[in-house]
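Below, subunit A partners subunit B and then partners subunit C, in two separate complexes.
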Partner chain A sequence: MTGFLVKRFLQALVVLFLVSIIVFVLLHMLPGGPARAILGPKGTPQQITDFNHQQGYDRSLPTQYFMYVKRLFTGDLGDSYKLNSPVFELLKQRLPKTLLLTVLSTALAVVIAIPLGLLQAVRRGKASDYALTGLAFLLYATPVFFLGLIMIILFAQVIPIFPAEAPQGESIGELLKDFSGLVLPVVTMAFGIVAMFSRYMRSAVLDNLTEEYVRTAMAKGQSSRRIMVRHVLRNALIPLATLLGLYLPTLFSGALVVESMFNYPGMGLLFWNAAQGSDFPVLLGVTLVVGIATVVGSLLTDILYAVLDPRIRSVA
Partner chain B sequence: MTELQLSDAGPGTPAPLLSIDDLHVDIASRERTVHALDGISLDLAPGEALGVVGESGCGKTMTALSVLGLLPPGGAVTGGRILFDGQDLAAASAPTLQDVRGNTVGMVFQDPLTSLNPTMTIGAQVAEPLLLHREGIGRKEAWARAEEMLRLVGMPQPSERMKAYPHQLSGGMRQRVAIAMALVCEPKLLIADEPTTALDVTTQHQILELIDNLRRTLGMAMILVTHDLGVIANRVDRVAVMYAGKVAEQADVRDLFARPRHRYTEALFAALPERAAERGTELHTIPGLPPSLTVRPTGCRFAPRCLFATEECREREPELGPELAQELVPGSEASPGSETSLESEAPAHELVGAEHRFACFHPVPHGDAPEAQVVTPPPATATEPGEVLLELDALVKEFPLTGGPFARRRGTVSAVGGVSLTVRRGETFGMVGESGCGKTTLGRIVAGLEEPTAGTVRFDGRDLAGLSRTERRAHRRRIQLMFQDSTAAMDPRMRVGEILREPLVIQGVGTRADQERLTAGLLDAVGLPRGAVHRYPHEFSGGQRQRLGLARALTLSPDLVVADEPVSALDVSVQAQILNLMRELQHDRGLTYLFISHDLAVIRHLADTVGVMYLGKLVETGPAEQVYAAPLHPYTRGLLDTVNVPDPAVAAAGDREPLHGETPSAAKPPSGCRFRTRCPLAQDVCATTEPPVSTPNGAGHQVACHFPLAAPRLASRV
Partner chain C sequence: MTSAASTTAPVTAPGHEEAAQATPSLARRTLQVFTGNKLALTGVVLLVLLLLFSYLGPLLYDTEQTHTDLSQANLSPGTDGHLLGTTDLGYDMVGRLMVAGQTSLEIGLAAGLLATLFGTVYGAVSGYFGGWVDAAMMRITDAALAIPAMFLLVVVAAIITPTKGVLILIIAAVAWLSPARLVRGEALSLRNREYVQAMRMMGGGGARAVFKHIVPNAIGTVIVNCTFQIADAILYVSYLAFLGLSIPPPSADWGSMLSAGITYTQNGYWWLIFPPGIAIVLVVAAFNFIGDGLRDAFEVRLRK
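Up next is the complex of A and B:
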């Protein structure tokens, strides 16, 4: 198991290296180069040459890449043009908040989706299955911003039990203190995922119910409930683990809509503002983080796989 | 008769443990309802072993599943009772059934690969029934008992295996785990549904022995469900033969095999290659197919396929019952009295109604003893040796063993480890061996689907390695393949006409009209209607698809057909049809077959020359009669002794020495002779030196062994 983890971690490092190259190339593909982006259309050629020399953009690409990586290791991702702050500092502030939002909503989604999927599978073809499936599709088809609007109207205005704006605290602790403010963003984000996860769970359970080991378990004299919990659940979670890992980066970027909607001070909001203001160093910094999230997501999937499925453990 | 039964049922007669009474089971799906069981009645005494035998779809598995209420979705008992220990299980509530399952009735299923939970440890799975059914038992005690049970089923290092997962065990070991699971609560009844069908011959034997021994130690009753008449003949006291949802015949096992009465049972026995009077003769076949059970057939269900059927059979349904007194010829050797005396020799658990019963208006008459059909040593047929068509010289095939696309190579699997043989034109070369012995790989190399790692394949005098691209393409049509699963080997979205024509199109033979004419001729030859060209493969039955597979192989008029387990998935009666067809076409078209099979009886029936493979090595080869009558290699002899012969008398003879142990991994084959780890004759030299090929029985019969068996034993019964 340890060997497997070390191996997967090393592989993840290789992928991260590739991600850094892609981000670096993107930086150089900015229209007119970063100088034009920063100095704007009114920058004189002399200003541009000076800027390029100052930033080292007139050196060879490998040298530039080397410098870029060296800066990466010291945590230097450049400075934001608009916010007058190093990108690294901005990410350090915002990333934990987005992580909090993502983890809370994913956890909520999983906690709802697993029993829901089980229930749908057990009641397959009955009215409750159709009703739940219909609801799931409705949620799945609803855009997040629309869902958020409905939540705000319902629970902040019609029945004002939760604030419409997310807490604005600086640290996670402060955010958690004002928990009622977190409810609407977390629930909005979770609802979008629940639909998909419960569909997956339902079909994974149905697949497993036709497996012969379930019949063996029945032949041992176990109740259906026990078979579900002891035998089917773990096997059905294996495909869900894939989905979770693949979905992590999407969730990260999905936070964008929710964060801007509830004015939640996370990375999504940062990205949104940066995109509107052509704040390229910030955009690239966020891209790098999403790249890392993708790699971490797949690493997480593999770890979950290995935990859930002994066959994968011994192959790796 | 009633009096006779009464007198038979003395005070010592035990009450039945299980009594199935007029059981009806329907399987309903959206489109149709199948009446899977239509009035089954069976009794089982405590400690008795009952075999339920029949071809696919006859309802034998449904019978087994219905006892524990484990019918598939849509399945339901629509009538009758299942009395077990005084309780009617057919009407029992879920908690009552759960209390019986795994506790007083244990069940073992066919496929050990899929019937264990892949994500739970062996220990947890074996201990589970104890935790469910033994109140107050702690986890620790349950695990200790589970470990003890694993030891009892012959699991090496049981304490380590407790923590292992199913995928870390071989198929045979997994089936041992499944048995341990079923028996850990010491049930009164074990239901085994095809417990050894997915296993190799030697593993099969070991598992059946194990079940036998445990049954005796624990005093369990058993229902053994199987399609394999060989298994049934050697392991049970009494047999019920099922056909189309009904019991056709029921009798003591020796009585049934010696004197079958129902015409279906008779036909089934006659279709066995083991019972063919001699090699090379036609096998008896049963024409047609079993009826579809969506509508209840009128009359005897076997009548449409029965050679003895009369108007009466088609109109009235025969009852399952003992011999009717008026039908007995006075003074005949087999009077009811003699039947009873025969039964009284059987083990002491006889039941009321356990006499020989059958549902047939025109039973096989007494005195027409089918013993005559039991194998007699076949005479050596003089086959005129043709020219050499295929020659393999020191053929080697190794597969790399890697962990993934970028992983280091961890070793090699030696699938074929230096095989040399010759196949002559017009003969059938039977290649026999257990799974993983390399016989399929060998067939694929011959067919040109794999490149050998070393060695040469010479076909019709030419080395295939030396062929140019175009020559190779032209050569391909001379060797064609026939597969075990013809459904999987045909594109499900192509019509039969296209499938059969495709090889001709690829090779550019003739015009479209020519191709269609040829296709129609082929369908005639394999006994399928010409209209079949418009249909899709899934519309055909298993036997018909095998006919299609044969037709497809013959489209290009090949010289050699490599047939890889072509009849292994078929029922006995259909198997006989295909084997007869293959023989007939060989005769008509001068075909040469490389016939690959694990089934010794089929090989014996069809092959002129036999090769025996073990772990990538050809250990013995020679004329079929010689190899079977006087095997030279200890492995061949072990195999012949391990096979279940469908004749209870042979098992009783007890001079057999079956094989022990498991086949080692082909990734780490033993040094020297690869069989030495399981060989009773192994010496030091076997570990150091690879045995040379010798011919102690005269040229043509080769063996690769340091100590070939000298004295020819009794003729084998396979």
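Up next is the complex of A and C:
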């Protein structure tokens, strides 16, 4: 177990290093370099030289990378030059809100996907299985913003029961107070996830149904309901934890679209606005933080997986 | 040695016609399973219809799609012979859907194929050589996967002005990761097969192993994944358009049409929203249906 954890931890460190390299390379891909991006098109050559010297951009690339990482460790992600605020501060306000949206949607999606996948597996090859499979495909094929648009047209215009705009609060508590405003963003994002998860649940349950322990349980005369719930479902749920870790980048992408769609004040909206205004410090800061969150998240799910499933520990 | 490779290579692999002749029943069975799959057939029919609509359509239904005509803007369906009305710039909606379909399909196909090609070679090399080469190459894919595709796409599209070629390149640049990992998995098991080891003992090099043995044997996985890649690429094009990063007008793709329609949600101009939205859903679903059907067909072939 310890060996597995150490190895996995070192791997995550290497990946984190590479993520920082990717963002560093993107920083240098900016048209005219970071100086031009920050001083704008009106910056004179003298100003650019001064800026480059002051910020150390005239040093060698490895030195610059070293300085970049050193700044990261002090929490310095640069300053937004549209919002006049350090990127770190902006993220501190926005990240919890994105996490709230992601956690609520994922929870809702899991609650819908588990019975759906189970039903499909039990009714395998029957009309209801085909209908649900086709529906899951259509849902998967629908861009999240089209889904959100349909939701807005249906539930904010035709039958006006929910607001089309997400709540605008400073804190999570304020967001939760305006719960009806959260409904459309959360449901939209959850639907996008359900399409992926229910297909996974269906095949995981089908795989488990052919296992020997199911035959043993049947031979012992257990009811099929008991076999499904006590044995098959429990075993199919373990890899779902890993799946959540694996889908973290997809979840963040989904949050980006849903937040821009419903004007939800999270990290995705911050990022979207930054893209519209070419606010590169924000764009790269958010990209880096999302990358780090994904690496840490998948490390945690792998550890969780090892704790839940003894077979992984012994193999490693 | 070649025969060993050919019998496991699917009949669709280019340069393996002799294999197709040697095992006609295998080819027929694969085809049978595919055509027996109703969803897969639906996918093929849908795709053919959408291709005909986008490429043959403009020849039969000629409309002005370059110059705007504001006097004809936002007409509702049926007005002045415009079947689905007109856009906010006065373009005929049906004609616009045809032209936009060409862009969406071309970017999707090109990006999907490019990503598959690069990812396959990358994964085959990584898996075949193994050891530290594999470890290093896979950590690179891990790092690239850690940054969500949408974020990377937006940053790159904000740096470079999108054209058709740029969109194809940047979508392929985030999409090659999944075929790379899949093929690497296959290569890891294929490298230890007897025929690969025999070839190595006879002095065959790494390039020969990768291109003559690993890639042809993983072709089933590659083709299936490619159809999913094309579907995802078309979705990415639409997402980029929604985020405001599409090819500038008068060019259009289904995603940019849909995003343009969002502005008019409050006005009830449904014809600006649903036709392009449904077109995206149909084409992405079609590729997914086909991919799923192909996967089942190839699996039967492996179980033979």
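Note that the second predicted complex is superposed on the first by the 290 of 316 C-alpha atoms of A that agree within 3 Å, B and C clash if a C-alpha of one lies under 4 Å from a C-alpha of the other, contacts with A are read in each partner's own complex, and residues count from 1 in each chain.
Here is the rule we use: a residue touches a chain if its C-beta (ideal position, glycine included) is under 8 Å from a C-beta of that chain, and two chains touch if they have at least 3 such contacts.
Owing to the predicted nature of the structure, the values given are computational and were not obtained by experimental measurement.
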item	value
Subunit B versus subunit C as contact partner of A:257, first or second or both or neither	second
First (subunit B), second (subunit C), both or neither touched by A:88	neither
Touched partner set for A:231, first subunit B, second subunit C, both or neither	first
Which of subunit B and subunit C A:19 touches, first, second, both or neither	second
Which of subunit B and subunit C A:191 touches, first, second, both or neither	neither
Of subunit B and subunit C, the chain that contacts the larger number of subunit A residues	C
Partner chain(s) touched by A:275 [first = subunit B, second = subunit C, both, neither]	second
Subunit B versus subunit C as contact partner of A:219, first or second or both or neither	first
Touch list for subunit A against partner subunit C, complex	11, 14-15, 18-19, 21-23, 26, 29-31, 130, 133-134, 137-138, 140-146, 149-150, 152-153, 157, 249-250, 252-253, 256-257, 260, 271-272, 275-276, 278, 280, 283-284, 286-287, 290-292, 294-295, 298
Touching residues on subunit C, where the partner in the complex is subunit A	38-39, 139-140, 142-152, 154-159, 231, 235, 238-239, 242-245, 255, 258-259, 262, 265-266, 268, 270, 273, 277, 280-282, 284-285, 288-289, 292
List of subunit B residues in touch with subunit A within their complex	68, 70, 94-95, 97-103, 106-107, 109, 111, 114-120, 128-129, 132-133, 165, 167-168, 178, 181-182, 403
Complex contact set, residues of subunit A against subunit B	211-213, 215-223, 230-231, 234-235, 308-311, 314-316
